[in-house]
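Provided herewith is a single structure, encoded as structure tokens, for subsequent inquiry.
Letters A, B, C and D name the chains as they come in the text, with residue numbers starting at 1 for each one.
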Amino acid sequence: MPLLTFILMTPMAAGMLCLVAPSRRIMAGLGVAAFAVTLGLAVVLLRQVLVCGVVTEGREFLSADALSIWMVLLISVVSLATSLNAGRYFQRDLAAGTITPGRVREFYVLTPLFGAGMFLVVLANNLGVMWAAVEATALSSVLLVALYNRRTSLEAAWKYVILGSLGLALALLGTVFVYAAACKNNPQPLPSFNWSHLMSVARQLDPHLLKLAFVFAFIGYGTKAGLAPMHTWLPDAHSEAPSPTSAMLSGVSLKIALYALIRFHILTTACLNSDFSRHVLLGFGLFSMFLAAPFILVQKNLKRMLAYSSLEHVGLICAGIALNTPATIFGALLHMGYHALTKPVLFFAAGNIHQTFHTLEFRRIGPGVGKILPATGIAMSMAGIAAMGMPPFGLFLSEVTIIGGALATHQTAAGVLILVALLASFCGILQQLSRIIPGMPKNLQDSKRPGTDTALAMTLLLGVLLVFSLWLPAPVCGLIQDASRIIGGRP
Amino acid sequence: MNPNPPAIVLQTLLLLFLAPLVSGYMKNWKAKLQNRRGAPPWQVYLDLAKFLRKDMVLSEHASWVFSFAPYVVFLTALTAGLMVPMLIAQAPLSLFGGVLAMVGLLALGRFFLALGGLDPGSAFGGMGSSREMTISAIAEPALMLAVFTVAITAGTTDLSRIAQSTQDAAWKLLNPARVLAFAALFIVLLAETGRIPVDNPATHLELTMIHEAMLLEYSGRYLALMEWGASIKQLVLMTLLVNVFIPVGLAGPHAPFLGLAMSLIAYLVKLTVLAAAMVVVETTNAKLRLFRVPDLLSTAFVLAALALLSTFLFYGS
Amino acid sequence: MAVLSTKLLLLGLLGYGMGAAAGLLFFKRERAANLLSFGCAALAALSNFISCVSALATGAAASSQSFELLPSLIPLVRFSISPDPLGCYFGIIVSLLGLAISIYSVGYAPGYYGRKNIGVLGGFFNMLLMTTTLVFLADNALFFLMVWEIMAMTAFFLVSYEHEHEETRNAGVLYFVLSHLGTGCLIVGFFLLYQASGGFAFEGYRDLGARLSPGIRTSVFLLFLAGFGFKAGVVPLHIWLPAAHPVAPSNVSAVMSGVLIKTGIYGMTRVFFDFMGNPPNWWGVTVLTLGTISAVLGVLFALMEHDLKRLLAYHSIENIGIILMGLGAALMFLHSGHPVLASLALIAALYHTLNHAVFKALLFLGAGAVLHATHTRNMEEMGGLARRMRWTALFFLVGAVAISALPPLNGFVSEWLTYQSLLQGFGTTSSLIRLMFPLSGAMLALTGALAAACFVKAFGITFLAQPRSDRARQAREAPGTMLAGQGVLTAACLFLGLFPTLVLKLFDPLTRQLTGQQLSRQLAAVDGLVLSSVVAEGGTVSTLGILLLGICLAVVPWILWLVFARRTRIRVAPTWDCGLRGLTPHMEYTATGFSKPIRMIFKTLFRPRREVQREYDFSPYFATSLRFESHVEEVFYTRLYRPMNQGALRISRRLRALQAGSIQAYLIYVFVTLVALLLFAL
Amino acid sequence: MNSPASAEIGSQIVTLMAALMLVVQLLMIGQRMLLTSIQLFAAQSVLLAAIAAVVAFYHDAGHVYVVAALTIAGKVLFLPWLLNRLVRRIQIHQEIEPLLNAPTSMIICGGLTLLGCGVARPFTSLERLGNNTLAVALTLVLTGFFLMINRRTALTQVLALLTVENGVMLAAVALTTYGMPLVVELGIFFDVLVAVMVLGILVYRIRENFASMDTSKLNQLRG
């Protein structure tokens, strides 16, 4: 049975149904159901991929290897958590009158489409289709960012869409170049533009052209992935979107763009067999990490701070891939997973805080969140500690793996730089969170205020995170190892 | 090596009864030098006896520490005294500890003396304790450094061994290191025994007194213990100086009675000279302001450091 | 025997786990949480104590095998531990303190009933003890780093336990940040070792130093020195210590000051002696110098404090300095090829580690009891407690005598060993360097004397004379369990002080592991009654002998009483008040006043500022009211850390201008990047 | 009918039209009136479609005609109509004020053209028809980018984005034998349409909320 097609279709169908669904409850149910199904399908696929490397469908239109399945898993989990969280979230927003039912429907329609788009990105075999899918995710998420029709959210959306689509135009140019390279010395009129085929002929492709292609693709997808200095839209969009959307943006959509970038990186490295793309990725990865730290340190707005921390983690993943040793790539992919489980929790918590205090500024929130919203406080501090890279949470493991891999292969400078950047952002996050979570509320009627303290989705994610931090099941581990083998990395 | 009881008893009695006499004589000579007749040297014994017979007044604010302190002061001084060779080169209890233990014991006595000063809650006591601890603290490095120089040359911290090691090689007496160290220790001695220019044992003028301030609330037999302890401490330190640096005439381990007598005489002569020197210093100098004392003691430290340096020059390199 | 001790060890770890679980499960029911969590902790600590002592005494530790605590389910990490002599020794420290402090906590925790969550306190307390034990036992670098970080984190939560006060929150953050910086150094250090040995197991690191290139070796040394120095509180990395210890609950401060900072010492010993092989001379010189500086500055800053717990915290810095002196000397002796002396210095350092743990914990528990009774840490509001809290006063006095290195207690013994190793070190080299030994010895003497001064002040102002406030006036003696906890440690102080030769037997496997020597026989003379410095005729001391002798000499005053004072009476009267209308607490000497001479003598260091406002009617000498303020500057904070912190913030604020909100600017960033990359690619 | 001579003619035509596209682009950069810019964009798209048609004709590749047709339908007719309608709906005044004055912009564009040629030089061998089409395409992309930076109002940024798109399509047509596979072409085409619609929606909402089209007013989110 065509599992890949199902994975694509289920959310799409859910989204379409939401257009006509009579009640909000049903819409919420549809979302949850859809992503639950995709999660199940992903698990089934995981086994298949572990057995037989690659799964393809529709005359190789769709194909899934370990890397794509890993992404599919992440997308499904995060989207599932988001849909779980969204129900109560919008219920309260409606109650508070900050949003209209029409917009809520918009959310429920667009979110599954957003998810479907991401699925297409990772499952498409054809680079052109992949590009189109990325564009689709961008467009669907833009409207989600603009969901509250506030001035600021419109501003954020505008910056997001302008920078995003400009970047994607450049990415398209890169794609075109790759295709041109494919055409160059190719007998039949329409050569296949499929990933699998390109990899097989990578050696014959024109290196200059691929170099150029990589540059454009890097700028393009790098903008979408929020690598500095193309990241400028990122804090705006993350802070202005409704928290569930922020969770999805930071949890997966950044990594999806990164996925596209990685595909190009693999191709370029295979063709040039030089370190060109590596060095570019490493440089920008480190730059992102170092740029993020000071912004975290003096940030005034909770969600913006979280966004910058995402920037930092993306940079780390990028650097891990670029360091190009089995250990570092493994660590980077692992980090993708753990970060995808951690960051949404923080954004959900930020959502609760926002709805309780009606502000996201640290100064106005003040100390004592833990007193007013106990569950949120606990969840947030746990996730915060995880995001700071403290054991027993897995991010410690993945970060240490990356740094260790770097030092083990005598890329000492890079490893140390990564560590320094991590230390800096640790200080920032710790200092910021300890401004709001502990302590006594400034005025006591604050503590009387009816808090919105739902923690279902957060508990779920944290549970999964904790389990996977202490126990990485053999299949998953194998999957990641296969994925890192796909990305390559000289031993 | 093992402690022999007769020696212990002998030295204990010597410490107990020689100490007051020494302070008595020093008072007396001081008076003489200041053209006063002064009290007879044995006056100190009479004072002690008088204190012992008198009733005691305890402060109502004081706790058990106040009554505990005199015993500690007295006993630590006495115990420390048993580690210093007085007549026999082999100090009776050198096995139980060398110079480090001796300094430690005196410090323990001082610790409780200061607590006893604080306990009744009078401002004088506090002031006394504060100054006492300060001065002893800045005197300590000089003291230790001076001791180290001799300890290093002798390769031991055991006082009897130090004495013997210098005894058998008489020329070491004139070794510059020793001379400098001796000078340093002499200054420290003035500070530790509360003599002018650091403290004035003869005054109860509140601005100048240190040691006496801590004893203000003590009376009767506790006062006796305190005074006696103080004089024993003074004797111990003086003995340390004379016998460790100038171990002339110290009797060997199994000396016959005559030998003991000889060494007693030698000891008394050395003590007399040292005491005289201290008295002269006391009468010819004025008391220093409290915040000038560190300068004096740092001089001592520098002397000790120089002594160390010269040791380095001598010590086979 | 070895099997048994291992079983007990695992049992203890399990016990801590259960304690933590119980605390967090019963967080709704205070009494249950208190009894269960701290009870578990006490039992676990007891079994660990027995296990470690037996392992060292029977020499089973020497032949210890590394084994996996539990099978690892994640890549790379192996949860493998090995109770080797060094680990066991520090295990003794943590479990002994754990036992006493847990008993104490049962009585201490009720002070929080109704205000705070006891379950959290108990749970994290257990977790702290467990992780600390694991830090000492872990023999896999990644596992070590994991438990190290968890330990730091647990300590952070415990420090911020009373997070309602801003002071506490800031202290917690400061501690966590500095500790994490340290961890950063450790991570790099360990990965450099990993680079060289290709593995994470400690076996692979044994004597690795010889195989490292000089550059790597130096950086490894510096990294570990800094990394563990942050935790140990070595000057100038110490500033978190006086901030964090006072604000933590007192039982936690006791653990932190007694055990937590010792993990730094453990790490240095492990790396420098176990991994690095024969060190270059400047390592030892550096450590010795750092130690001397820390000791002197620590005690000087302590003297300026009138916050009882801050004062104790500064003393921890001082004692860490003394320990480092021993370690540094040992390194220098190893370099100059005197393993016996090296072992002596090492024993001195490690023995002092144990002693400091015991008496510092005892003092913190005493301070906790005082805090519990008076609800203030400010010594100026105390006084007269010796009559209200007799036992606490007695225990605190014992601790004070011990920490001032006065005979016959344990502080004196370990410092005596340190002196001995320093003095005998003079002969080991012929270079000018050897002057360092006696000079640092003199500094050690200064430290000891100042410490004595400081504790005369601490004990005198806190416990003696009249109460200075109503709080002190209404103070009551602490409950039985708290006294029991202090009692255990007091007993330990006496035992460690009076029977050193027994304790030193435990060091044989340890020194055999680290320096290949075994000294307990040379160290004991006269069938164990006397402690002797290793080399013949180096000097001997017998604290027990001194004590007994003192007791015997007590016959002298007794005889005197019989002879003279039989008919004397004792009268209780007010202290002489110079004829004023009675003596009030205001007339007593204050803590600030007590330390004034020192403050004046070292004013270049303290830069004291004072403001006096005097109101008077006719003559300034008869003031009707007087306001006195005096401040001392924490030089390292004001001159080093604050500027760095402010600099970082300033730079960050500058950078924020990049994100100024103009989309044109953002487009330009992308554009420039594109052009740059195109040129790069050409 | 692929005689070399006729191929020669074809390539000249393509080159000419490409050059014309560049000229139009420069005109747009100089242009200050909004509606005129829209028409210029339409003209540019016509040229693009024509090029596609020529390519299709000389390689008789059926689906490239489709591309040409889509371009006509979308970029020549629909989008300009849509934008015009938008302009009328929200009465924006016609004047667009650029950040830099015309001469400076021209100089910069000259530099960008040089860069484009420099980058494209190694790949002249790839071009099936026409010379330096790739250079023109790159120049279009870069100048379009610059146009985007140089204009403040939202709508002109949309227009600039579309010109960048044109550049990319030109590259696609010029570099590859028969244009991209049809799936991709369709995907791209619809994405562009949706993008413009989304942008339109946003422009409309922004106009509602800010009572202005000036994107430099969108600077609330900082730091």
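FYI, a residue touches a chain if its C-beta (ideal position, glycine included) is under 8 Å from a C-beta of that chain, and two chains touch if they have at least 3 such contacts.
In this text, all values refer to a predicted model and were calculated from it rather than measured experimentally.
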Dominant interface by contact count, named by its two chains: B-C
Inter-chain centre distance, chain A versus chain C - centres from mean C-alpha coordinates, in Å: 45
Whole-Å gap between the CA centroids of chain B and chain C: 35
Distance from chain B to chain A - Cα centre to Cα centre, in angstrom: 78
Rounded Å distance, chain B centre to chain D centre (Cα mean): 101
Set of chain C residues in contact with two or more other chains: 656, 659, 663, 667, 674, 678
Contacts with two or more other chains, residues of chain A listed in rising order: 158-159, 162, 166, 170, 212, 235, 295, 298
Touching two or more other chains - residue numbers and ranges from chain D: 119, 145, 148, 215, 218-221, 223
Chain pairs that touch, as defined at the top of this document: A-C, A-D, B-C, C-D
Contact footprint of chain C on chain B as seen in their complex: 2, 12, 16, 49, 52-65, 71, 74-76, 78-79, 82, 93-98, 100-101, 103-105, 107-108, 110-111, 114-115, 118-123, 125-127, 129-131, 133-134, 136-145, 148-149, 151-152, 155-158, 161, 216-217, 220-221, 224-225, 290-291, 294, 301, 304-305, 308-309, 312, 315-317
Sites on chain C touched by chain B in the complex: 383-384, 386-387, 390, 393, 397, 401, 404-407, 412, 416, 419-420, 423-424, 426-427, 430, 432, 434-435, 438-439, 441-446, 448-450, 452-453, 455-457, 459-461, 463-466, 526, 530, 533, 535, 537-542, 545-546, 549-550, 553-554, 556-557, 560-561, 563-565, 568-577, 583, 585, 587-589, 593-598, 600-601
Residues of chain D touching chain A in the complex: 61, 119, 122-123, 126, 141, 145, 148, 154, 157, 161, 164-165, 167-168, 171-172, 175-178, 180-181, 183-184, 187-188, 191, 194-195, 198-199, 201-202, 205-206, 209-210, 215, 218-221, 223
Chain C partner contacts - residues on chain A that touch it in the complex: 158-159, 162-163, 166-167, 170, 211-212, 214-216, 218-219, 223, 229-230, 232-233, 235, 276, 280, 291, 294-295, 297-298, 330, 367, 385, 390-392, 394, 396-397, 400-401, 403-404, 407-408, 410, 412, 415-416, 419-420, 422-423, 426-427, 430-431, 434, 438-440, 469-472, 477
In the complex, chain A residues that touch chain D: 126, 128-129, 131-132, 135-136, 139, 142-143, 146, 149-152, 154-159, 161-162, 165-166, 169-170, 172-173, 176-177, 179-180, 183-184, 189-190, 193, 206, 208-209, 212, 235-236, 239-240, 295, 298-301, 304
